[in-house]
Each structure stands twice: as C-alpha cells, then as structure tokens.
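The same subunit A turns up in both complexes below, where it pairs with subunit B and then with subunit C.
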Partner chain A sequence: MSALLAVVVDGVIYASWLFMIAVGLTLIYGVMKILNIAHGSLYALGAYGAASLAGYWLSQGYAPFGSYAALLAAAALVGLIIGPLIERGLLRFMYGRDEIILLLVTYAVFLILEDAIKLIWGVDPYIISEPYGLLGIVEFANLVYPTYSFMLIVVSLAVGVLLAWVLHRTRHGKLLAAVIHDREVSQAMGVNVRRYYLATFTAGAILAALGGALTAPTVSVVPGMGVEVIVLAFAVVVIGGLGSLPGAALGALIVGLLRAAAVHYAPALELFSIYLVMALVLAFRPQGLFAGEQVRTI
Partner chain B sequence: MSKKLIVPVALSLAAIAASAQAQEAPPFKIGVVTFLSGAPAGPFGVPARNGAELVAEALNDGAMPAPYATKGFGGRPIELVFIDEAGGTTKQVSEYRNLVQRQNVDAVVGYISSGDCLAIAPVAEEMRKLTVFFDCGTPRIFEDASYKYVFRTGATGTMDSVAAAMYVKEIKPNATKIAGINQNYAWGHDSWNDFEAAIKALMPSVQIVTSQMPKFLAGQYGAEISALLTSGAEVVHSSFWGGDMEALVLQGAPRGLFSKSTVVLTTGETALPKLNTRVPEGTVIGARGPYGPFAPDNAINQWLVKSYEDRYNVRPTYPAYKMTQAILGIKAAYEKAQAANGGKTPNQDQIIASFEHLEFEGPGGTVRMALGKGHQAVLGTAYGTVKHENGQAVVTNVRYYPAEKVNPPEGVKSEDWVKTALK
Partner chain C sequence: MKKDRTPSLLLAALVALLILGLVLPEWRFLGTLAIGKGLTVLGLLLLLRTGLVSFGQGLYYCLGAYAAGTLGQFWGTTDALLLLVVAGLAAGLAAAILGILLAAYRGIFFSMLSLALSMILYGLLVKSAALGSTDGFNLPAPTLFGLPLVSHDSRYPLFVLACVLGVAAALAMHYYFRTPLGRLSPAIRDNEIRVEYLGASVRAAVHVKYVIAGILAGVGGALTGMTVGHIDPEMAYWTTSGEFVFVAILSGTGSVAAPFLGSFIFELVRTFAYEYSPNSWQLALGTAMLLIIVFLPAGLWSLVQRRRA
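Let's look at the complex of A and B:
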C-alpha cells in the first residue's frame, strides 16, 4: 500500500515537472502552429540564468528566501529578452511558410543558443541547491520529500489555472481564440495579430525559462540539459494533443504516473514507458488525446 | 680555394648544418581527443585537456621531476592538437583520419567514451598510428581483439567495480540488501553487471533488492530515490558521473538516501571539488584508480597538484591524472626506444616495441602495461569514505587494492574472472 502511495506521490511530482516544461511548448504550438525546438534552450537559459542570479544573491549574503525571487526574476528576464528577440528578429519573417520550415528555423535557433550558453557559461557545472533545501522536508508514505517538490506541484497547478483563466475567461483570451481560428479574418476585424503572436511567444519563452529556473536548484546545471527536455516535452505534448492545455496536463500525469510505477515495480521498463504511451496514443488517436477536430480551409 | 669564396661557402655550410640540426628535433605532434563540449566536458574533458596542456608545457620546459626531467620527448618538443570528442563515433572516426592524414600527428592520445574507443581501435590499426587511450573503461578493447598500434594507459572499468565490492565487504560485512542505480547505457550496464557479480562472489548471502536504470541525462531521480529508500537497501552502488551524479547527490541527500544506506559512487572523486560538503558524510567514493586524494605522495603527483592548482585554482581530478599518465607513458616508451637506438630518433615501430610490457611512473604510482599482450595497463586502485572537516569534504578510511587483486591475469576475460576467481 505504501509503495502504491509512493508511486502516486512520485508520479504527481514528476508530472508537475513535466507539465512545467511542456506547457510553454503547447501554448506556442496552439496559437502559432510552431513546434518550437528552441524551447529546450530557453529552458536551459532559464536554469543558467537562475543559477547565476540566485548564486549572486546568496553570495552577497542577502536573505536566503530571496533566492526564490531570484529564480522567478531570472525566468522573467530570460523570457522577456530572448522571447521577443526570436519572434521579432526571426520568426515573423517566416510566418505563412510550411510548419516544417518553422521547425527547422527553431532548430537552428536551438543550436545557436546551445553554443551561446557555452560561450557565456562555459562547460563547468553550476550548482545552486540552496533553494531546494530551504523549505525543509515533509514525511509522507514512510518517505521523506523536500517541501520544494510539493511547491513545484502548487506552482504548476497555478500556472495551469492561470493560463486556462486567461485563455477562456478574459477578453484577450477570446481574441486569441479568434486569432487561432482564423488569422486573416481576425486581422480584418481589427485584431492586432502581430501583438498576439509576440505576446504568446514571449509567454511561452517565460514558461520554458520558468521550468528551467525552478529545476536548477534540484540538479547540476550542465551543458546539454535542454536536449533531454525538448524530447520529453515533445512526447508529453504529442500524447495530450499538440496545442491543447488540458492535453499537456493529462499527458504529463499519465507519463508521470506510469514512469513512477515502472521505477517501483519494473525498473527495466522505465526507459520504455514514456514511448510506449506515445506509441499507443499515436496508433489509436494520432491527433493526441485532447486535440479537437481538424478544421481545414479548402 | 680563393679567399673570396671561403666566407660564402662557410656560411652556407653553417646554414646546412643548422637546418640539419633543426631537422633532428622536429616537434612530436600529439592529437589530443577529449570532450570540449557536451555533458562530459565539465567533469572529464576539460580537466583532461588542462592536464595535457600542463604536462606538455612542463616537459617542453624541462620542468618535470625525475625521471621525466629531460626536455620534451628525448629532446623533441611536444606539440598538441586538440579535438572535441563530442558528436558520436562516426564523427570521431573522420576526425581521427584527419589527425593522421592532414595534421600528420605522431600519436593520438584520447577518448573518454568506451564507444569511441571501440570504434577508433580498428581504425588506428588500419592507419598504423600509435594511439593511446587514456580513460575509456570497457575491458572489451583488448579482450575481444588484439592490436599493435593501440595502447591503454588507464585501467579498465572492471577494476572499479571489483574494488568497490571489496570495499563494501570491508566496511559493511553484514550487509545483505544491495541496490544499484546506474545509467541506462553501456557504461552503466557494464559497471552494474561487474559490481553485481563481484559482490555476489565476495558476499554470497547478499540479495539485490533493486537495480534502477534511469535514462542517461535524465536529471530527475525522485521516483528512483523513493524506490531505493523503500527497498531497504543497505548499500547502493552507482556509476553515475557528471551532472547525473551531482543531481543524484543533490536530490538524494535531503531525502535521507545517503544516511539510510551507504552509497558507493565509483566516479565520486570528480564531483568533490565542486560539490564539496554537499556530498554527505559516509558516502564512499572512488577515482577509477589511485588518483586525486588516493594518489601516492610522489614527486610527479606533487608537481601535478601544485601546478594545476596554481593555474586553474582547483584541485586536479582523475581525468587530469590519467591524461598526465598517458603522455608520460609515451615519453617513457619514446626515450627507452631512443636509448636502444643509440640515442637516435626512434621510429614508430621502435616506440611501440618499447611501449609493450613497459613499466613507468605516473602521478598515481607505477603503471604496468601487463595485459592485452603488453598494451593494457594495470595499476592498483583505492576507495575511501567522505568526511567533513573544517568545511571541507575529505576522504578518510582509504583502502588500497593492489593491481593483481582487482585485475584479471593476462588471457582471462574480466567477465569470467569476476565470476570465478573472486569466490
């Protein structure tokens, strides 16, 4: 029984992390139909930025709890600088092209950013583990968990609820839905499509960086960390349905729980578990669990 | 000869003599292949590159302690060409061909990844170029094939696993529940298989409670740590390295993994300068040989520690030791061949002949090229336990294992030796 409880807790913690890294990817795809491979680099930049900023904060001897603010500030900074730079500087010249072209363009951005990270931070690991231990530990199901892991669940729930509220309950969200359905008609009706694209891409970039910034205290920040993440995030988003917010949440939860179960009961299958879900979903529901009917203009 | 001619003739003769002298000592060019990008760069690749730079400079200046006090390789200055090991085996094979054919190197020293070593060895043989592997661990190189041009101055990964099992037997003789967490690729599988076989041979009553194999570079080990904790394991073996190992330490320590069980990190030494006291007390660490805190107090080790700290402001870790060892190995072989050749520049075959079965001194002590028909080094190794002293993580309770105890004899495969000879 306690093992089952551990599976649920581990699964939900992992799912919340997966949701954090996948939600920005699905948001950008949902609105702009761009599969943003550079998402992985934005995640890594968020982690490096957080390690540097929080590291600086702590080295100055300021209040340790301020390091959480430093993590969030790093994510915002990375997203607000790099997001508009990519969207305004590059992507806007590519709109209307084939999805594959845009995928290749973001892949190029990914490679450039990976090298930029190496130029700025070098290849040595950065470690900023203080925020991870600061909140203490929680005993649960005969196991000890850092409170930070539960905070991650709260943050990813908050991000999900906030996004759902903005998309479905605000005027901007409704206008965005119009842009998603028909870009040209929305523009004809006086919607500033350009601004919505910029805002969406920047929001996606901030979310990617936030995922990285909140992961940084739990890992050693090393080159190449973005590569793993983009693969995982892509799998989660495909399972849930590209561009679907509840899809990303459900995809993350399924993958998280299944992976935790594999780790506890059949460790040899762990590597395979995510791709098993992905293969099954693609075989029986190729558009993903939550993607709506495809409407095509003929 | 008329007086008019004497001066120009003398001058041109002097010029010819000078150019002949210059031709006598052309630089010995070494292609150094190590990770300069990607995940292995920080923990392995860069310390190895630093080690190569330091030792080449010191040798060229004649600043190394004895028996390496002569300049360069027998008077020939050493020139290094660095190549990034990142990018996979196909890329490495073409980079290797480039080094030999375009850069005309005299030798290649390198390779951290076992996959790269397995791919390069037959190519080295085909290209007939002296190639020294300094770090990669798989015993298969010289157990499944035999090579003339390929040498390995570092010990195999089998030694790390066997010595780890011996250390566990010494410090936890009554342990019955053993678990492992290793990366899901060749290195992780090989390390765990060797350790499992060794621990079962040494302590027949043990039971393997779980063997976790997360994906390489996974980074998040929450569920694995829960599984290790619920398994009740008394000893946890891990060959994790780099960022994965650091993440395991950072995530496992607050959850009590390191206090509830004895965690053995076979490459733990590389993380010590960076993580310091974040590595919990009681953690067992190895350095894949007698390097770093396990190195003997000899003059070469003292030189390496001092000059490395002076230049890079950090202690040298085992990749720097192993790189130093590889270059010193070539120097020893070169100068032995030179002496046998009456002091004249030896050719490659002569260097190879003197390299086989060579014994030479390195920063980790005596290296014997005892296996693989004289092409594979053996040396002892050590494990120790981390303790915190005055805000520093230090290694205590160090046990040394002589080479012959932790390496199979010539002609016996590591895999078979672990299963039969350790009982």
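Let's look at the complex of A and C:
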C-alpha cells in the first residue's frame, strides 16, 4: 500500500514538473505552429539565471525566503529578454514557411544557446540548494518528502489554472483563439497579430525558464541539462496532443505516473518506457490523446 | 539530352581519393569517418528529396554499429564485409518493421516519431549492462578475407574499403533516382495527392525509401564503429541524429556526392573547433545553419552548381 502511495505521490510530483516544462512548448505550438527545439535551452537558461540570482541573493545575506522571489525573478528576466530576442530577431522572418523549416531554425537556435550558456557560465556545475531545504519536510504514511516538491505541484497547478483562465475567460484569450483559427482574417479585422505572436512566444519562454528556475535548487545546474528536457517535453506534449493545454496536463500525468511506477517496479525500463508510450500514442492517435475535432486547440 | 556525367565524375573522385589517401596518411582516419557518416546522410538526402526530415537516423546508425559490434565482440567475427552486410541487414530489417508505422506520417510528426523511436533504442542500450551500458564497448580491429584492415601503422586498407563503399553507394543512389520509384521522390514532396492519382502508392514508396535510408545508416554506423574502434549508446541519442540533419542541410540535396563533401567539411571543422574552442563549436554550427537556411536553401552544393551553370 505504502509503495503504491509512493508511486502516486512521486508520479504527481514528477508530472507537475513535466507540465511546467511542457506547457510553454504546447502554447507556442498551439498558436504559432512552431515546434520549438530551443525550449530546452530556455529551460537551462532559466536554471542558470536562477542559480546566479538566488546565489547572489543568499551570498549578500538577505532573508533566505527572498531566494524564492529571486528564482521567479530570474525566470521572468530570462523569458522577457531571450523570448522577444528570438521572436523579433529571427522567427518573424520565417513565418509562413514550412513547419519543418521552422523546426530546423529552432534547432539552430538551440545549438547557439547551448554554447552561449557555456560561454557565459562556464562548464562547472552550479549548486543552489538552499531554497530546496528551507521549507523542511513532510511526513505521512511512512513516507518523507521535501515540502519543496509539494510547492512545485502548487505552482504547476497555478500556472495551469492561470493559463486556462487567460485563454478562455479574457478578451485577449478570445482574440488569440481568432488568431489561431485564421491569422489573415483576424489581421484584417484589426487584431494586432504580430503582438500576439510576440506575447505568445515570450510567455512560452517565461514558462520554460520558470521550469528551469524552479528545478535549479533540486539539481546541480550543468551544461547540457536542457538537452534531455527537450525530448521529455516533446514526449509529454505529443502524448497529450500538440497545442492542447489539457493535453499537456494529461500527458504529464501519464508520463509522470508511468515513470514513477517504472522507477519503483522495473528500474531498467525507466527511460525507455516514456518514449515507448510516445511512440504508441503517435502510432494509434497521431493527433494526441486530447486534441479532438475541436475548433480551438488551446 | 544532356550526357550524364555523374558516374564518370564519381569514379574520377574515387581514384583521386585513393591517391590522396596514399600520399596523405594522416587524413585517412578523418576521411573514413566522414564516409561512414556521409553514408547515413546519403540516406537522409533520399528522405529529404521525398520531403521528409528524420530526426532519428541515429537509430539505424547505432543499430548497425551495435549489430557489427556484438558480432565482432561476442562471436569473434572480424571480417569487415560480413560485419557491414549484417549491419545493413539488421538496420534494414528494423526500418522495414518501423516503416510500417512511419510511412503514414509526414512533416513534424514524421520527425518526432522517428526521434522517439531512436530514443527508445537509446533508453534500452543505456540500461543493458551486457552491452556496456552508457560506456558502450570496443570493437576488434576489422579484417578483410583474413587480412588486417587497420594496423598500428596503417589505416589505408580500411580507407580504401570506405571509399569504394561510399562511391558505390553514391552511384547506386544516382541510378536509383532515375528509376520510376526514385523519380517519385520529388513528386511526393511536391504533391502527394497527384502521385496517388497517377496510380502510385505513396505509402509504399515512402516505406521503401525509409528502408533504404535505414540500410545506409546501418552500414555507415558499422563503418564508423570500425574506424573509431568504439561504440556507445550516444550514437542513438537525438543530438547525433540532429547532427546528421545538420550535415544534410549543409550539403543540400543537389547531388549524391554532396553528403560526403558536407560530411567531410563537418568533420574537418569539428576537429579544429574541438581543439581551439570546444565551448563555442555548437554556436558556430547553429549560426552556419541559420545562414544556410536563409541564404543558401539548397545547401553548399548549390555553390558548385552555380559555378557550373
């Protein structure tokens, strides 16, 4: 019983992390039809930014609880700088071209950012574990978890709810749906499509960076940490359906629980099980589990 | 009709390569390596001409290398030809099976599914302790009909084998593009529905092309494994496949010789870049890729063609 509970709790924690790294990817794809390979680099940038900023905060002897604000600030900073830089500086010249060309362009951006990170931060690992330990631990049913992991679930839920609210309940969300549905007609109706693309890409970048920033305290921040995240995020997004918000949540939950089960019962299958599910879903339902015939996909 | 000069040019290139390899012994390793990867990129060229981008050729590249590796390591087979044939067969068989699935996909779904499949192999290999897990294992030095191909003072025989193999594959691909099935490639890329109306099965054609690309990648992987003398699961990781895509974009799809030229340039630049600035090498790659996509969409080969025209 306790083992099963552990699988579920581990799975949900992992799923909330997966949701955080995948939701930005699905947002950008849903609106702009760009499968952003550079997403993993933005995640890594967020982690590095958080390690630097929170590290600086703590080294100055400020209140340790402020380091959480530093993590969030780092994510916002990275997203607000790098997101518009990529969208305005590069992607906007490529709109209207093949999805596959855009895939290659973001792959090139990924290569550039990977090395840019090494040039800025060097190749030595950064460790910023204070925010992780600060909240203490939670004990129940013979299981011990750091409270930070549960905070991750809360943040992830908040991100999901906020996004759903913006997309479905606000004027901007409705206009965005129009842009997704028909770019040209919405432009003709006076919607500033350029601004929506910029905002979407920036939001996606901030979400990627947020995923990285909140992960930074739990791992050592090293070069190449984004490389694996990209394929994981792809797997999650593809399972749920590219460009679908509930799909990303469902995909994250499936992958999270599956990995937790694999870790507990069959460690040898851990890595490969995720991609197997992705391949199976693509094989039988290429549009993903969640993307049906709906008009609006996000 | 214009005379087809490609075969004679390829044969001339073979002779030139063999002479160059003889007088420049320090370039043999790089040349062999470039041909091993060039074979994989040649398969990618076939897919690109069909309008498909596979982000998972590393799957067959790695599979071929591991097929040859296990045969060499655990059964003591060192005959290069046998190993290459087995590698090609293993990769081809895998591609034939997975192709049933993949032939129905286009665009980014094709890319992503092929990526997922190669990551499955990576995940399997990383966890299989018998095959050395993440470290991989070493390959015994290959022989041909009992004669050593690689010895401590000479890599020339292996280089010759690679050159012959590379030119043969390029020639075969060249003639393949003149067969009806080969000519379907650009047609499928341009308009699938019309191809179906003409009575051809797009799915079957894509499947065949995928298998050919798989075989080439398998042979290429085995050749690379023999050259380096070591193989590891990294060969199936998606960044390896990304590298192949990069080289294919760099070379362009203009000629069957382009993948080898592109692959050679790539390996050359990498060797120097690793030595002088290991931390900004990918940065240069990414920039080059962007420049090519924007200014030279047909790849480096279009420079060669433009001069000739």
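What to note about this one:
Please note the rule applied: the second predicted complex is superposed on the first by the 292 of 298 C-alpha atoms of A that agree within 3 Å, B and C clash if a C-alpha of one lies under 4 Å from a C-alpha of the other, contacts with A are read in each partner's own complex, and residues count from 1 in each chain.
Everything that follows uses one rule, which is that a residue touches a chain if its C-beta (ideal position, glycine included) is under 8 Å from a C-beta of that chain, and two chains touch if they have at least 3 such contacts.
This one's a predicted model, so the numbers in the text were calculated from it and none came from an experiment.
Look at A:118: by the touch rule set out above, it reaches both subunit B and subunit C.
Of the two partner chains, subunit C is the only one that A:109 touches; subunit B does not reach it.
Of the two partner chains placed around the shared chain by superposition, neither subunit B nor subunit C is touched by A:87. In the superposed model, A:137 makes contact with subunit B only, not with subunit C.
Judged by the touch definition given at the top, the superposed model places A:268 against both subunit B and subunit C.
Residues common to the contacts of subunit A with subunit B and with subunit C across the two structures: 118, 123, 227, 268, 270-271.
Subunit A makes touch with subunit C in their complex at residues 35, 90, 93, 98-101, 103-105, 107-116, 118-119, 123, 227, 230-231, 234-235, 238, 268-276, 278-279, 282-283, 286.
Considering their complex, residues 36-39, 41-43, 45-46, 184, 210-215, 217-220, 222-224, 226-227, 229-230, 242-243, 246-247, 250-251, 254-256, 274-275, 278 of subunit B touch subunit A. Against subunit B, in their complex, subunit A makes its touches with residues 2-3, 6-7, 9-11, 13-14, 17, 118, 122-125, 127, 129, 132-133, 137, 142-146, 149, 215, 217-225, 227-228, 259-260, 263-264, 267-268, 270-271.
Chain contact summary for the complex, subunit C toward subunit A: residues 53, 101, 104-105, 107-109, 111-113, 115-117, 119-120, 122-124, 126-127, 238-239, 242, 245-246, 249, 279-283, 285-287, 289-290, 293-294.
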